[in-house]
Amino acid sequence: MADVTKSPWIMHYDGTSCNGCDIEVLACLTPLYDVERFGVINTGNPKHADILLITGSVNEQNKDVVKQIYEQMTEPKVVCAIGICACNGGVFKDCYNILGGVDKVIPVDIYVPGCAARPEAIIDGVVQSLDLLKEKSKKLKEGK
Amino acid sequence: MAIMDFTKTALKNLFSKPATTQYPFKPKEYPEKSRGHVEINIDDCIMCGICSRKCMSGAIKVDRNTKTWSIERMGCVQCQACVNACPKKCLTMAAGYTAPSRELTVDTYSQPIPETKPGKIVNDMSKCILCGLCARKCPQECITVDRTGEKTWTIDRDKCVQCGACIDACLKFKALSTADDDGEKGIVTLHKE
Amino acid sequence: MESLIIVMICFPFLSALLLSIFKNNTARQIITYISSISVIGMAITFAVKYFTSGSTQLSFFTDTKIVDYGMMGIEAFLMVLVTVLSFKYKQYYAALLSIAQTALIFWFELGGRAPHLEISKMYVDQLTVIMVLIIAIVGTLITVYACGYMKDYHNHHKEFTDRRRYFFSLLYVFLGAMLGLVLSNSLIWIYFFWEITSVVSFLLIGYTRTKEAIHNCFRALWMNLLGGCGFAVAIVLAGIQFNVTDIQSLILCNGNIVVIPVILLSFAALTKSAQLPFSKWLLGAMVAPTPSSALLHSATMVKAGVYLLLRLSPALAGTYAGTMVSLIGGFTFLVMSMLAITVSDGKKVLAYSTISNLGLITACAGIGVEETVWAGIFLLIFHAVSKSLLFQTVGAIENATGSRDIETMHGLVRRHPYLAWTLVIGIAGMFLAPFGMLVSKWAALKAFIDSGSIILILCVCFGSATTLFYWMKWIATVLASKNNDIKAKNTTSANQWVSILVHSALMISLCFIFPLISKRVIIPFIHTVFNNAYEVISDDNVIIMMIMIIAIFAIPGIAWLFAKHTKYRKVDRYINGVNAGDQMNYIDSMGEKKRFFLANWYMENIFGEKKLWEPSVIISILMIVAFMVISIGGVR
Amino acid sequence: MTSTLKIILCIAAYVVFAPIVGGLTSGIDRKITARMQGRQGPPLLQPFYDVMKLLKKETVVVNHVQIFYLLTFLVFVIFTGCLFFGGFDLLLVFFALTTANLFLILAATSSHSPYANMGANREMMQMLSYEPMVLLTAVGFYLATGTFKVREIISSNTTLPVFLLPGVFVGFVFMLTIKLRKHPFDLATSHHAHQEMVKGITTEFSGEMFAILEISHWYENVFLMGVVALFFINANWWTIIIALIAVSITYFILILVDNTNARMKWEKMFKNSWLTTIIIGALNIFILEVFVKGVTLWQM
Amino acid sequence: MGERSIVPFGPQHPVLPEPIHLDLVLEDEKVVEAIPSIGFVHRGLENLADKRDFNDYQYVIERICGICSFKHGMCYCEAIERIFDAEIPERATFLRTIWGEMSRIHSHLLWLGLLADAFGFDALFMQCWRMREKVLDMFETSTGGRVIFSVNKIGGVLRDMDSSMLKSFVDIFNGMENDLRKLTHTFLSDYTVESRLRGVGILTKEDAIRLGAVGPMARAAGIAIDTRKTGYEAYGKVDFDIITSEECDGYARCAVRIGELFQSINIIRQLVDKIPEGPIATQIKGNPDGEAFVRVEQPRGEAIYYAKANGTKFLERFRVRTPTFTNIESLIHILPGSELADVPLQILTIDPCISCTER
Amino acid sequence: MREEYTLETVDIETLYKIVIEKQRAGYRLAQICATAFEGYNELIYSFALDYTFENYKVIVPIESEINTISDLFPSAMLFENEMKELFGVQIKSINPDYQNKLYRIASPTPFKKEVKEAVKVVKEGE
């Protein structure tokens, strides 16, 4: 029967990205890539989301935001760092206001490389997250 | 003013094939110049480290001692700067992105460590015309040529990475060549007679 | 029976006298408690006696010369009182109106123009009993409530002189007058009690003697006196032209003949019930201390108007007067429910809602057929109980929190849970299926459809929607639960609680027993008035309603048990990721912690007083004038 | 007794099948919507997958009262549907729906969360907008068939109600865009993301609670489609087929409207719906009263 | 009337494509006051000029923003070339201009889509982005990237487009024009869309000047200013009119951008006709010394670059004043008085680019 | 073809006059930017009207305080707040003043000269 993998709802937060990855995430929803094929809905609300897609790195001001929305997500949840900035800060990692990749603040499960990450890569990232979601939900059940 | 102006398009869409690609069930075809990931022909690499220094996001690490060249895949922004800078043209930008993964992927390539020590660049000053081409081509900017004054050709041995770009630049005059490294350090100045 | 009635009417006046003598607080409280219990006791005895007596209509007092003269004396006194006060505050028109009507009545009675008929001055039927019960139970409970309330009130408002003696005795004067009014049959008697209620209301509104209070009390006075004038003219016309001096005979005449007196009486009733265009006075009356608002300006006195209309309804049916009354009522219902959306002062919302509901009753009375009268009476009962409950609760909330603004009631359920829940019961009683008000509204709608009054149907459809809106937002505000609110100390005194809780209990039990009331009381009443029995809600609907009532109490209960035992993780509310981490604040643009605030909607631009008031007053005046002209002209 | 049995059967059928029908409808809706946007769209059973997943997910709450209001909402929605399919009084059905809605609003506001609260305010605004028309619909049925009882409406021998109530029908469908949360009036919550309200009234529900909400919407939708069908049913058995076709067409039109309109603002929604109520709904009823029932103008 | 609602809006909000935060004070849903807060995207990349060789700094600069990535790179190169006082080959200027206009087309399509999304017209959003993919495909064929192109270098460009490629692009654009016309008709004349755009967010001409509005924001207020008219790169060699509107509202801003969409296609056609043969880059030697201002017209309006070099490989200061930065003031001005539902729409009608605003 | 523009160095008092003048003449504020040097900041105010583009440079010592121009040009608000926070330029009564919390960076920015020097020392030490 259907499980978590059939309906991965995503939520997207744009950290300090340059918009490049950000827009590619949005592009995934549009007709050409249409991730709703996999049951993906872009919810925009952490309480409904299974997968958090973060683009861009974290800085002083948004680290709390990232933490908050991560905490408000319900288990099982997966975090995907989309793009080089989110993975490790990319070209900006030496900037004075960049803390580095998203994993500096919250645990990142899947790294999706690319500057900007291609929609195909994002789809692959989401597909990989599905396996992880399954694992996590199994663990959650056992934990109960 | 029109009401439900979009109806025509919507109905047309409804009754025609959707625009959606079948990725990931069908592989993606990339245009030929698409910038996906950096590939290295490790055999040609001379471990000069120029690519590493050019890389804005510090994705490439070159270790001359262990002869390893590694790239942090989750750190490469596909700017192609390294490819453009590599004196040996052993880097290429290929289509297709690195697969997402649960770890920060690092790809490492290594060469067998040669027994012989790397050579040094020597100038046969008799052949040199102090044209300065080598200096211009040197990515390390370790060569200075004084054409008008002292008529010297100077090299900073500490900075030179033996990339051989200067030798290539001087192909016409064949003034430059490699010789065994004898441990000479620092700035070496040769005078034109 | 006769003596019981006399005692019942006189007893409150006696209490009033006592209350005005004793200055001591404790004594006052004791007198109040005793009077309250006695009046309730008498009323219940009265009701029981009535129902056990078997007959449906009882008449009393046929010859009452001395009493009549006594009444005239009091009337004269009232006139003098009004005149003196008017001159004191330079509001001469009030004096003018008062003198005019009293003079008219004196001319009529003393001048021998009144027909000397052997009529019963008092008359009892089911409607009377219901009114008596409402006045006795709701009314005296409010006086009990007032004991605690006025103490707090004067503690909070040191700026007003403490005139509690005066206040309480006026309340009892009023109760006596109100009982007299509903028991009377003679128009002159009704008029007499009518005048007392007007003047008492005027005095109570002016209780604090602030500038605003004076202004508002005189507005209330002149509007009510204007209605009184209409009343007086109606009496004179009815007496001289049709030889009728009592209400029962008036009804028995063919409606189209006595249309002029009826329309004038309706006019008086409209002013008393604060229908458009006379609604302003009731809003102004909210400056009075809450018990008087609860007692006079919502639960009882304003009901005198609609009571009169309900009594007259057979005479109204199908006449111009009836059309006028129903249109004004429907219109008032709609406009006032819209206006209620735009205010945030709790008492003001209650005031608007009162006028609005009175409008609905008025409309029912105006149509004047079996179903509408049925609905009207039920509306009256439910409204009296739940509005009184609401007023008292809001008053208690004001004393406890220092504000009666709806916007300050966010999360009240955590701070003052009991007050909040009684408030919710009151509000639910006002609009929620399957509580009584809604049922009556439903019946009214059905009746309007049957009578083909499309305008009224529309008024009800739209008015229900707007009514829904303002109540719903209030409930939602009160029940919002803010995690860091802690329970506050209960500062509401026991006597207040007694009244509030009895009211709540009454409210809930009414929902259960209303089919019974309908079968045993209202239907027989309608049967006698219209000679026609009528089943307004069918049995299976009653069953469903009962299921719903049980469901509305049981399901949340079960759900609550379930909810309590879930172990869901608690997280902060979603506020775009800028939570400050303390469950309440957020980080604002300046990087500081700031508390978010969630206000309700008021839609001033659409329903605002500025937008609606003047047009609706003008429309209603035009309507009244037009109908009066048509009907007076139509008879000639 | 057989009639009682029939009623119970109808109610049972509703309770059991409504979520299935509702879910499927929602699946078809999503598929058609996707295709209208030139996308492939989700699988047909996606709504069920979604709910299954939600039921398996963790639930987080702001406070526990939320749950209790929401459960009450569910029960009352089902109750409403039962009353309707049980063939009871139409007005009562709509009142029950209002009561149900109150609990939804309470569920949202009780969390005292800005977005849920704003969503709830808008929901109230929506109720204010559609309520008159909904009541008028009941009035219309009464005028057309002489009864409020659904049971009697479908067994009446008059012409199809829709022929007498074309305006009311149009008005009701207009209000359906609000009730079914379709553009241009999906103000309080939208099926689509990207709204200024975030997820509006549903913002604070997660996991199981959100699943419950979704299921109650299915129940509600089936009930509403039932009301649409009511316009096309009379005592003849074949009218049921007509009704089914009519419901499908209506739903398709709603989807089309959903995909060809921008979301409007509350003021426009309010004004448009009241105007529709007055112009189309009330006029229809007026004409019905005057020409069919012969009520004179004066009695208005 | 009681107290007013105070509601936080953003940074994580589904309707906001980028993080920005507003403290909204609402009356019902009418915005009474809006205080913005930025800094969620602030990286401090201007400061990287201190650490990166001026040649390589180009790669940082083009990542200021992924929408006008190309333009940022181009302007940076332009600024440095100006300090060197170097001329670049004409073909390079043409290539830059073509890519620049393609950027504008993709940016405006993206914006139209987001706008549709903000007023809740999903189907329209999808349609716009579907169209935009075609432009991205052209970018990928010509530069190798969909978003970040890395084709600029100081002294010219890194990649050439041959004539057959250019021709095929023109053909694609010709084909798109018709679809675009249909699409934009919905924006300009659909009842519900109009009701969301017309009369909303009025910025008068006087205010626009006072508040320093630029780009479509200013043009929609009737100010005919378009930095392209200064003739940088190859703009001096093409013929186009400034598109303005006098209506000053959201609708006007939408209309202006739609006009520019077709205008850009037209400009590309002219450029492809006129493009000369020749080299695509010149050698530039040494280190820059001196300072220079450069202004260009980005899709969002005028951007100003200031570079100050001190004769070393590292610039003393590099400063980017992006259009959104100066348009934010206009946003603050138009927000009060609008509805909450208009807030995302208002934010969008200035076409904000927060990542370039905060750098 | 390259655009012509002017760049003049003026003192701060003259600048205030120019600002008023420009505002009257219908110019818009194009930008303000700061460059940090040891002991002073170099600010450039740019104004534009149609296609004219005029820039005025002022030298502001670190310790001296300057006036805001946000009353005349509201859009100066962001520029000034930014300079204040990133460069430590002291500006009086900006409307509104974010009190160095516009970007909310954790540590003092490397733009500020004291910091810049420190960074340089570290760099050399490497």
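Order of writing sets the labels: A, B, C, D, E and F. Residues in every chain begin at 1.
Everything below uses one rule, namely that a contact is a pair of C-beta atoms (placed from the backbone, for glycine too) under 8 Å apart; a residue touches a chain by one contact, two chains touch by 3 or more.
It should be emphasised that the depicted structure is a prediction, and the values quoted were computed from it without experimental measurement.
Think of each touching pair as a link: the shortest run of links from chain A to chain E has 1 of them.
If you compare A-C with C-E, the chain pair joined by more contacting C-beta pairs is C-E.
Chain D has the C-alpha centroid lying closest to the overall centroid of all protein C-alpha atoms shown.
With chains reduced to the mean position of their C-alpha atoms, the one farthest from chain D is B. Most remote chain with respect to chain A, judged by CA-atom centres, is C. Put simply, the C-alpha centre of chain B and that of chain C have 89 angstrom between them.
Between the Cα centres of chain B and chain D there is a gap of 64 Å.
We define each chain's centre as the mean of its Cα atoms; on that basis chain A and chain F are separated by 38 Å.
Separating the centre of chain D from that of chain E, both taken as means of CA atoms, is a distance of 44 Å.
Within chain A, contacts with two or more other chains are made by residues 13, 30-32, 34, 37, 42-47, 59, 61, 65, 69, 72, 90-91, 96-97, 115, 118.
Multi-chain contact residues, meaning those touching two or more other chains, occur in chain B at positions 4-6, 10, 13, 18-20, 56, 77-79.
In chain C, the residues touching two or more other chains are 571-572, 574-578, 589-591, 596, 598, 600-601. The list of touching chain pairs reads A-B, A-C, A-D, A-E, A-F, B-D, B-E, C-D, C-E, C-F, D-E, E-F. Contact residues on chain F toward chain C in their complex (touch as defined above): 98-99, 101, 104. Residues of chain C touching chain D in their complex: 410-411, 432-434, 438, 442, 445-446, 449, 451-455, 457-458, 460-462, 464-466, 468-469, 472-473, 475-477, 479-483, 538, 540-541, 544-545, 548, 551-552, 555-556, 559-560, 562-564, 566, 568-576, 596, 598, 600-601, 606.
Taken together, the chain A residues at the contact with chain F in this complex read 59-61, 96-97.
Interface residues of chain A, counted against chain E in their complex, comprise 11-24, 26-27, 30-32, 42-46, 56-57, 59, 61-62, 65, 69, 90-92, 94-98, 115-116, 118. Looking at the complex, you find that chain B touches chain A at residues 18-21, 23-24, 28, 56-58, 72-79, 97-105.
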